[in-house]
Amino acid sequence: MAKQKRETFNDFGLGEKSSSVGYRALNKDGSFNIEKINIPFFERLNFFHSLVTMKWSHFFLFVLLVYLVVNIIFASIYSFIGVEKLTGTKGISALDQFMEAFFFSAQTITTLGYGRIAPLGLSANIVAAIESLLGLLFFALATGLLYGRFSKPISKIKYSEKAVIAPYLKINGFMFRIVNPQRNQLLDVEINVSVSMKRKGTNLRNFHILQLEREKVRFFPSLWTVVHPINDKSPLFGLSEADYFKKDFEFIAMLKAFDESSGQMVYSRSSYKPNEIEWGQKFIYAAKRSKGKTFIDVSKINETSKVVLN
Amino acid sequence: MAKQKRETFNDFGLGEKSSSVGYRALNKDGSFNIEKINIPFFERLNFFHSLVTMKWSHFFLFVLLVYLVVNIIFASIYSFIGVEKLTGTKGISALDQFMEAFFFSAQTITTLGYGRIAPLGLSANIVAAIESLLGLLFFALATGLLYGRFSKPISKIKYSEKAVIAPYLKINGFMFRIVNPQRNQLLDVEINVSVSMKRKGTNLRNFHILQLEREKVRFFPSLWTVVHPINDKSPLFGLSEADYFKKDFEFIAMLKAFDESSGQMVYSRSSYKPNEIEWGQKFIYAAKRSKGKTFIDVSKINETSKVVLN
Amino acid sequence: MAKQKRETFNDFGLGEKSSSVGYRALNKDGSFNIEKINIPFFERLNFFHSLVTMKWSHFFLFVLLVYLVVNIIFASIYSFIGVEKLTGTKGISALDQFMEAFFFSAQTITTLGYGRIAPLGLSANIVAAIESLLGLLFFALATGLLYGRFSKPISKIKYSEKAVIAPYLKINGFMFRIVNPQRNQLLDVEINVSVSMKRKGTNLRNFHILQLEREKVRFFPSLWTVVHPINDKSPLFGLSEADYFKKDFEFIAMLKAFDESSGQMVYSRSSYKPNEIEWGQKFIYAAKRSKGKTFIDVSKINETSKVVLN
Amino acid sequence: MAKQKRETFNDFGLGEKSSSVGYRALNKDGSFNIEKINIPFFERLNFFHSLVTMKWSHFFLFVLLVYLVVNIIFASIYSFIGVEKLTGTKGISALDQFMEAFFFSAQTITTLGYGRIAPLGLSANIVAAIESLLGLLFFALATGLLYGRFSKPISKIKYSEKAVIAPYLKINGFMFRIVNPQRNQLLDVEINVSVSMKRKGTNLRNFHILQLEREKVRFFPSLWTVVHPINDKSPLFGLSEADYFKKDFEFIAMLKAFDESSGQMVYSRSSYKPNEIEWGQKFIYAAKRSKGKTFIDVSKINETSKVVLN
């Protein structure tokens, strides 16, 4: 019984009670149409994760802001101690002196240390010694963050914009295509496709895992047409295009692979709604051979041609 | 036989011989109620692990201390060589001169190098050259440590404070709830729940793995109510709340998942004792829908309502 | 049916429709004989991946170029502000002054900061403060890239140049040898061998997974002779050397292992075409014992001797 | 047949043909008693792996040497250009001038840049600009290496010095104990034990995997006594201590676990020869309870007491 359950219900934690017609659990880009609210601040907070995943523009702005603020703080400390404790400072007005302290601070925290301005006496020297230590730790952290940002495994797997219902052997199949447009090699690629549908007369949704022609490939150097044969065991068996809309189908594809270049697992997901499924179309073969080499035309991933269904 | 053993005995290396009533093997925060003693110092020592897992306050104190000690050592060396070998030093008293040597050392080890003070002659130059090399290695290490500290995968999975005994289909179930309050996506989430109980008339404990309604989900974007159906195969079958106390039950939950943002496996664990189990309560549905989006109210993880048991 | 399919068809995403005689899907070095074309620029782009996998000479050239360009840009800015804002600059001609600005820029971006030249006034100081910050981020990135380049797991698994058909028990076997020439330990080593062949009368290819004597070893400290026994279930059963050429066989070997030193999975692959298979040869034993230690002579990996086939 | 083979022959790539009495394939510390010879230099070479795994003393010596050599090279270049191109140099003799060039180089490559000596003119400035870039890359690399050295997962699993033959249920068992003396948590711990024995009348060895009471634990917070029950299916069944010596047994234990603190898999191995097996001894229970906490006395891992065998 447990086994049967797992095949017909698999809610991925998406919850069964979410179901007005037209609802989409998974967006096209693989993000979830779900938001968590009322999370206590400290449980939600993950400093490293935020800094690694925020946009580049935000990240640089954040670094610049921290740099500015920290230098203002230290400039204030040097001003408080007395700018005369920094040899070589020029400027008579208070603002000029503060700016000299500010630039001295910047030269210290980056360990630049031109030396035109240099600390003199105990207090200024102690502050400068601490600031330079802080600077090194600060940039050590920046190094880690930049490495984290760049090395995080990103799968840019591309899904065909539309899925099709096309002939497969003596029956029909639900098919879509995927390609890895990058040069990195994906290995041990596993794909899993489910369909979620409105339960008749209720507000609930059922989930079914779809049997695939092939669920795993060892390499993935070219285009892969993922096929679910619509045989008599398929939850799609005997259904018309109108039924797909009536049951408000959502096809959810999930891919998992080992990325040889980063040495890490990458995940990818996408979904298809009934209006993104073309009936009686098949995908066009996108490979050609020339001089003993195979060329895959990635731009043809979405190209289909008309076909008569079985 | 081997197979049967594994299902009914699984001591996780916790040992079977630990059993006065009220004992807890696993603390609420997932740490073990176990301490290893008499470990030879060098076998216990793991420098990197300690520096990566110690508290932030301790870590910064440690860095500051090393910085201080190393500078004192080098200041002593420069003083021994003679402060006159450092051009630009000011100060007549021995203490003043030592402080100048100290700050020169700090400016050298951070590769700040203002140049107000600079080494002159062979010996001072050799020491400074070595110190700056050391400084770079020291901060290279700090970079690694800070990266290690920040990038170490932390699962902040939140467990409901209490478990409940609530109706499940036509029987009852042992249930608790979990949520990932952070924005990072957890994938291929596996959960495993065991119960440990006092063996009648002895001081030993038995361990049973509990069958779950679902042991694995591919995604975990929302709340997950983990359910153990108390059917006739369950070790909980037919037991009353009083029996739970008498047998001194400890429910141990273990979770394992792939954290998409760090690309690493994360583990989490918690446990429930009989006084943390509420009978005849069920968890309240914590999701609402608005504008085609699902909102999960994380703050409702512990909310239950009264219910009649089967 | 699904199961049967998986054993006899496994196209690794290589596509079935690629088959003039003499075609090779997998090159000897494990790269694919496949090229993706017409990929939109931004989907193909993976900055980090490119910089981590490009040749060392290209990488250093790239770094040098960036260094040059960035310094020229900043030198131009300093020149625009006015070289008189940099104290200590020498040189009267415009070129000399630009060069001084250029070297000041280099001393700033590397946080070298000799101080012979130093910024004076607001504008020059602001630019210098930004440049030193940029420099630190730039080299933080370089640190990450160099680490990424060095730490990426590289399997240098060596395959015997030729495969052989040699006696195995009472039948014959398809055999080749592999060795890990490096000192790092490979663990949980899995190998998988397939054969791709021209489908009779068509332009298509079939793929068959070959059963191996052993598919997995826990350790791999020495030479491993991989054996496919040619029994009556083998797709090679009863075929002559001429048949191998006629069917245009391609044997594809894929290896997967855990590299203990890097803590990561490594993958390796190679292939054999009929002209790389020797019939009636067997591999020579390449280990000798001396003083209780086993010595593996890696240079003998390709050595074979004549043998009579069963 | 394939399946049966795997259970009775598993040579781990150790080769079957290695068998004078007293031979040990696996040393006590888990390293192999195997050496690869005649490896072409460039195939053996793995720069990063060597620098990450070499001894600390060798590593620091290597860094110091590179530092010295690089500075000598650059000092020679500056001397060739002419020391007069470095302002501030003191010293009249050629050696003194070379030393000044050497220390200027050291101040440049570490980006220390005191400025007492500074480059003047095109040629000296170009060399200094390149040297400082090189210095940053060099220390970027050192950062990566230090991180690689520290973060590489090290399992310090401790095996009991001796294995024992002790009563187990109504039969006897082959047992040894393991403990993780460190504070890091090991999860999903798998152990695998094999025995290799001399084949009668030949120079070959057979390998048998031993069935264990338990092959996997989810946690490993305390001592684990690994038990192979010597039942009638065991290759040890009915053998006496003398037989163990005659067949020149070698018991090989292999452990694999997930290290929670590093987020990586760790491996460990050890072996037992007949002279390291005690008959009629059992391990002493090493845990005690105090104030609701369990204490594991790691120092008792080797303690046994006499017992009568079944």
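Per-chain residue numbering starts at 1, and chain names A, B, C and D are given in the order in which the chains are listed.
By our rule, a residue touches a chain if its C-beta (ideal position, glycine included) is under 8 Å from a C-beta of that chain, and two chains touch if they have at least 3 such contacts.
Model, not experiment: these values are computed from the prediction.
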item	value
Selected pair, greater C-beta contact count between C-D and B-C	C-D
Counterpart interface for A-C, drawn from A-D, A-B or B-C and sharing over half of its contact pairs	A-B
Cα-superposition angle relating the copies chain B and chain A, to nearest 5°	90
Chain copies touching (chain B, chain D) - same or different residues, decided at half shared	different
Distance between chain centroids, defined by C-alpha means - chain C, chain D (Å)	25
Computed distance of Cα centres, chain C from chain B, in Å	36
Chain B: positions in contact with at least two other chains	111-115, 143, 147, 262
In the complex with chain A, residue positions of chain B that touch it	63-64, 67, 71, 90, 99, 103, 106-107, 110-116, 139, 142-143, 146-147, 150-151, 154, 156, 158, 179, 181-185, 187-189, 211, 213-214, 217-224, 258, 260-263, 285, 287, 289, 292-300
Interfacial residue positions of chain C with respect to chain B in the complex	111, 113-115, 143
Chain D - residues contacting chain C, complex	2, 5-6, 10-15, 17-18, 20, 22-25, 32-40, 43-44, 46-50, 52-53, 87, 108, 111-115, 118-120, 122, 125, 128-129, 132-133, 135-137, 140-141, 143-145, 147-148, 152-153, 192, 254, 256, 262, 264-265, 267, 269
